[in-house]
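Read through the structure below, which is laid out as structure tokens, and then see the notes.
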Amino acid sequence: MIVNAVTAVLVIPAFAAMLLAALPGYRLTARINVLATALTLLCALSLFFGRPAAGAYLIVDDLNATFIVLTTFVGFTTSVFSASYIGHELDIGRLTPPFVRFYHAMYQVLMFAMNLALVANNIGLMWVAIEIATLTTVLMVGIYRTHEALEAAWKYFILGSVGIALALFGTILVYMAARPVVGEGLDAMVWSVLVTRAGAFDPALLDLAFIFLLLGYGTKVGLAPLHAWLPDAHAEGPTPISAVLSGLLLNVALYALLRFKMLLAANPGALAPGPLMVSLGLLSLVFAAFMLYRRRDIKRLFAYSSIEHMGIITFAFGMGGPLANFAGLLHMTMHSLTKSAIFFAVGHVAQVKGTQRIADMGGLTETHPLLGWGLILGVVAIAGLPPLGIFMSEFLVVSSTFARAPLLAIVLVLGLLVALGGLFLRLNSIAFGEPRGPAAKAQASYVPMFAHLFLVLIAGIYMPPALVAWFQNVAGLLG
Amino acid sequence: MSPIDFDIAHMLAGLLVLISFLELYQDRLYALLNVYAAHALVLALSVAWQAFIQDAPHLYVTAVIALVFKAAVIPVALHRIIVRLGIHRGIEKVVSIGMTMLAGMGLVALSLVVMLRVTQQAGRLAQEDLAFALSVVLLGLLMMVTRRNAVGQVVGFMSLENGLVLAATGAKGMPLVVEISVAFSILIAFIVIGIFLFRIRERFDTVDVQVMDSFRGEHR
Amino acid sequence: MVLIRDLTIQGVQMLLVVLLAPLFTGFVRKVKARLLRRQGPPVIQPYRDLIRLTRKDVVLAESASWLFRVVPYLVFAATWVAASLVPTFRTGLLFSWSADLIAIIALLGGARFFLALAGLDVGASFGGIGSSREMMIASLAEPAMIMIVFTLALIAGSTQLSSIAAFMSSSGVGLRVSLALALVALVMVAIAENGRIPIDNPATHLELTMVHEAMVLEYSGRHLALIELAASLKLILYASVIACLFAPWGIESSGASKPALFIGVAAYVGKLAIAGFLLALFETAVAKMRVFRVPEFLGAALMLGLLATLLLFVSRGL
Amino acid sequence: MTLAVILICAAFLLALAPFALVTRPVQVASRLIYGASLAVSVASLAASLAHLLAAAPAETIALPLGIPWLGAHFRLDALSGFFLIVVDLGAIGASLFALGHGLHETAPERVLPFYPAFLTGMTCVVLADDAFTFLLSWEFMSLTSWALVMAHHRVPENVRAGFIYLVMASFGTLCLLLGFGLLAGSDGHYTFAQMRAAHPSAAVGAMAMLLVLFGAGSKAGIVPLHVWLPLAHPAAPSHVSALMSGVMTKVAVYGFIRIVFELAGGPAWWWSIVVLTLAGVTTVMGVLYALMQHDLKRLLAYHTVENIGIVFIGLGLALAFKAYDMSFAAALAFTAALLHVLNHSLFKSLLFFGSGAVLAATGERDMEHLGGLIHRMPQTAFVFLVGCVAISALPPLNGFVSEWLTFQAILLSPQLPSWGLKLLVPAVGALLALSAALAAACFVKAYGVTFLGRPRTQAAKAAVEADSFSLAAMMLLAALCLVAGILPGLFIDAIAPASSALIGARMPAQSGLQWLSIIPIAASRSSYDGLLLFLFMIISGTLAASAIHRFASDRLRRAPAWDCGYPDPNPATQYSAMSFAQPIRRVFGSVVFQAREVAGMPPPGDTRPAWLKVELRDLIWDYLYAPLAATVGSAAERLNRLQFLTIRQFLTLVFGALVILLMVLAVWS
């Protein structure tokens, strides 16, 4: 096999996973982990300059190149964060060295699986990759072995399995739809073939397939009412995993959905996937917005915020059209960066305060100014306030929607407002007020967090034309 | 395809649906496991028959997996777990069996309506296969949501998965079927191990609510 | 030349009002006393009072600030300026265009504002009572007054007193319901603004119902004299406003013949006499009301003013 | 070029923010930030004044920022020039004040970085020429001011205030966003130039107007969207309160004017009914709320609500006249509104500075704990008095001029053909007059209780005069109040280009008139000359004083207060803010606030003190916001149960979703 960039983004993590599984010690493995993700990122970046032709199994096109770069980038920064985070967990004895070894290996497996899901040209392969990613994260969520962690992992596992089953059924149905047109065998599962021939597929079968895929991958995306695993999995696992879950895995699942949406969009007779995605998106947004108000656990809070944002993104893609698709892509990117930054902050907060209970962490800006303001900046960004990037995408989503479907836009806007209220209500008791909890200095690296926030800030004000052209191109592809 | 081929395939698929109903009807764990073994057996037969009529030798692998793993190993393993962990032998249900059966009928009707409407272009075999597969999937899900008991739910999930394999084999020429069935077997193994190893006895829905509730979600 | 003549007339007007003001007050008191079958003080008693006050020392409370000492001059100046802008015997006074009716009301409001502050300055409890009640009364009287201005301005197409007076003396007015309502409202406002019965009793002291007197309780000597003079000026100002708006007869307009001016002055004095008599008559006929009935009284004035404005459209519509 | 200069100024301010974080010690940082802000604001003011007075044509600049394919558009025209002047004047005053006052700040590190950024935000709103840049700056302005409100975050009230503020600000932004969405159409014509050219249909225009009224109105503080304002404005440090109340609300007014008068197409007649009704209610409610306050800064904040109502009365009238093409009258009303914008920004900043000086000197915002400050802080007391006179709309200061012009515009209403407006406008006039009179009452209370009388607490007794920077800032504004009051013609003429651009007409040129008087329509109709009135009053006052001192006694004796013979040395026997407001509370409060007084009088012989408790209810909060919050709360509570389901129940949700979708597909034709 010729080693090119695409195979490299798969091989490096796979190899690193094996290596890390074998190596003991913490310092070295953490560095290898960072190194591997950095290498993967470099390979992914090289995809911008040249990419191999699509094969039967792997493909890189404009759509997934964006995702790959985003994934590897957040994967890299998270590994940097994870190095300091896990070190602290070892120090306080929440994790033991064997588990750290396991953790690092699994981290690389997860990166591998996500990259595989993104570059897969075969819908079956994509499905398998997402399943691997799910199982890996299940194991990582349960790594602390507390009752809560096991409960969360178990819930994630069961709901994820059912979701995976439904997605598989949808995949089979897509194959069935493709078979009469493309012919039996592998070709009928190759995405690049499918999308060119989709116009001739049986629309009714595609519709049915999409329903299963929507529910199946939607479970992974965390759309309400399929979201149940998400808050607990985010809350009970190690924070780097929460960051990766929110920042990446949800995107990967959404990416899978988008691929299938493109199939439907290419078929004139098929049911427009828009309304389904729009309604699920809105439902998730509004539901999660209300759920923010009663949160007592800081990580669950932001997990629900992820559901909310996945709702917005799904909504945007459901609305379709160049403007909304652009907004959806932008929002997804910004959300990944911001949410992972928030989880970095949250991880440190939980470590310095020794708890995840919001009630026990008042006055953070007083005790840990840098951390506190970083968290505030993150929440400001995630709530869609300017001048950060999410503001721009929300601006585009809302304004482009209102001209087309005023009622939907009003629901959307109300959801956003309720969510903002919920987030800031909780933020107030974390960041402001009389300081509570320990005020010891945090041993943490703030670089990843502020790097993400800086990127988000820049994107909110200025976006490089190349990136814009890229996004516009992809938005056009999405139809 | 000769009519007799079709009829046999049809009959096997129908039988699978019927056994799904039987599973719904059970109220003892052992009986349920036995019925599930029958379910897997019929699936294995059906897959084998498909392998035969489609002339797709790799499907035999799937059939063998179904036969060995699902019809024998898993039910036995579950049996042992029940004994070892002293799980209550009855199956706690959320709604009565009668209601469940009625709902099941409705689901079968729904899947027939949906499938027969949408798969007019596909061959009749695929069409009916899919209709039955969907029924099995839905019945499996129904079982998962109406059984409080973990083992009951695992069985529900397994029969759901049987429906998927049925669909996959019914889709003529579909690659990866073997891989999928392997993957699912692993998944199920995980679940069983989960029940066994972590002693997550009743986490789906607990018998001793007070104890388990404290671990669920945010502490109330 | 014309400028000097106009300046002279303006000066005469200023002197006239300030000189007539105590006389008017004295006249009202006298009439009231006679109506009550008392002898009453002489008509010129207010002049004597003022002169005596100016000769006395000022006794200043220890807690009083500079504001307390400035206020009498401010109040007097504002009232005097307002009064000298109201056409009495002649319209089109030199400076009349510097303030229209709304500005005149605002000037009086300014005077009251400072007086109320002075009431609070010493930090005694009576001053506070006076100030707070005065501002409550003003808060209702001022809008009522503005509504009256609206009515007149809508009829005459101007808020300039001279223009309104000129219009009112022309033949085009006729009898209008709105005008009648406005007149009633204006009289009510005038009574309230000047602290006459039934709103306040200018002759009492040390009563729980007092308003104006309570505010100026701490004043003495020349300060008190100025305030008293300002109060008289305000009374004559309202009388003049009513006279020039609703009885604009005899006011000399732009021409400058001397006989016309004398006729104007004579007519003005005559109108003042009638107004003073009517005021005294009214005051002897009614009883003072409780302070918390005042809002109802003024609320009625406000309603009348608003009604007058709105009825204007109806009568125009006909 | 002017525009570029101003933008560079704004960028410079923004760039200042990081310096606040790195410069140590804090005193140096404070001087640096405020000094630089002052200098930059002066430069910006000079530029915008030059542009406005020269009646220069509009300038535009597009920067490659913001939405990529659109860019960030900025435009400087007469209207934005005028509002820039308002912003810069406020910024100059606040920066100068803060040079001294800022040293009292307990948490400077939470104020300094955000202060210049806040100024940048306001400047950019006024200059923005496309929807995205506008909203970005708008919300940036909200966000930075939110951070400033949260400066003293240890006070739980402030945190609550900040929360309500942020939610309301976002509500406003989202309304504006929807409005822009409508005006931009589905093709995303986000630049104002495109919107101007688009001529939206009547329905779109009306929807946009309503949305903007909510959006900008919530920021400006229109009742019933005002709730955040009296909470948030006082919570911030005083110079920031001044900026928020004096300037930021004006930026909101700018947003309303820009969108409704320029982008939303020709107004329909009923727009003005909506605006006027809300404005009239706002005016009176604002001042009534203020009367019930005894927190000095909150009282001032409620007065902002009132004054915004006055501005919107002017704007509503302008809309009415514009709808019937009575452009001359529209120009009058519009000018009145803009002039009031300027005037209010001047005296409201002045008053907030005064309250800040009092706060710094005594540590008290509660008037009931103050009193007698005129003795300890004579200069502050004097300038505060000027502000009080100005805001009470008394001649010859500036507040009167704009209210007078508004009255003149109201008096033109009979010429309107619409009967609804004919009847409504005089009623609004009555409300305006009522609010003016009540405002006077309120400021007698505020000034009298705070500065006059005897000190009620030790803190008030120990107060010291404000520092020279603070005093300089206040005196500057007081002088401006006087200048704007006696030479209003100059200001009216400066507004004229904005009026011509948006209304299509302007008021006649005033500066050439005899004695600098202003004549809105015709000399026979109405005229006002603040300068002459001012001189007249000075002359007659001096005349009276010199006459008396010349011919009569000028002796003076100090003695204890007489107080009808019952003087009480205890300062608690003075009239308090509560007792001062009692008559008015009796008149209006029973309806508006459902005020109840409960008194407890112990029987004779009982030595316990008597007590009086006043209960006021904020009906708008109780009937609008509290139920809303309760709804959100109960919805959250109900939905929250979904967090605690068992896995089986979650599976049921998935199953239900699947079945429902399948059924939908089954019945889909």
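Couple of notes before you dig in:
Should a chain be cited, it is by its letter among A, B, C and D, assigned in written order, with residues numbered from 1 in that chain.
Basically, a residue touches a chain if its C-beta (ideal position, glycine included) is under 8 Å from a C-beta of that chain, and two chains touch if they have at least 3 such contacts.
For clarity, every value in this text was computed on a predicted model and none was experimentally measured.
By count of C-beta pairs in contact, A-D exceeds the other of the chain pairs A-D and B-D. Centre-to-centre separation between chain A and chain D, using Cα means, comes to 43 Å. Between chain A and chain C the centroid-to-centroid distance comes to 77 Å (mean Cα coordinates, whole Å). Centroid to centroid, with C-alpha atoms defining each point, chain B and chain D lie 68 Å apart.
Note on chain placement: the centre of chain A and the centre of chain B lie 31 Å apart, centres being C-alpha means.
Residue numbers of chain B whose C-beta contacts span two or more other chains: 114, 117-118, 141, 144, 153, 203-204, 216-218.
Among the residues of chain C, none is in touch with two or more other chains.
For chain D, the set of residues touching two or more other chains reads 643, 647, 651, 654, 658, 662, 665. Taken together, the chains touch in the following pairs: A-B, A-D, B-D, C-D.
Partner chain A is touched in their complex by these residues of chain D: 64-69, 109-110, 131-132, 135-137, 139-140, 142-143, 150, 153-154, 156, 159, 162-163, 166-167, 170-171, 174, 177-178, 180-182, 184-186, 188, 190, 632-633, 635-637, 639-640, 642-643, 645, 647, 650-651, 653-654, 656-658, 661-662, 665, 668.
Residue ranges of chain B in contact with chain A, taken from their complex: 114-115, 117-122, 126, 130, 133-134, 137, 141, 144, 153, 157, 160-161, 163-164, 167-168, 171-176, 179-180, 183-184, 187, 190-191, 194, 198, 200, 203-204, 212, 214-219. Only residues 14, 54-67, 73-74, 76-78, 80-81, 84, 95, 97-100, 102-103, 106-107, 109-110, 112-113, 116-117, 119-129, 131-133, 135-136, 138-143, 145-147, 150, 153-154, 157-160, 163, 206, 217-218, 221-222, 225-226, 291-292, 295, 302, 305-306, 309-310, 312-313, 316 of chain C touch chain D when the two sit together in their complex.
Residues of chain D touching chain B in their complex: 643-644, 646-649, 651-652, 654-655, 658-659, 662-663, 665-666.
Only residues 154-155, 158-159, 162-163, 166, 207-208, 211-212, 214-215, 219, 225-226, 228-229, 231, 271, 276, 287, 290-294, 323, 363, 365-366, 369, 380, 383, 385-387, 391-392, 395-396, 398-404, 406, 409-410, 413, 416-418, 420-422, 424-425, 428, 432-434, 460-463, 465, 468, 472 of chain A touch chain D when the two sit together in their complex.
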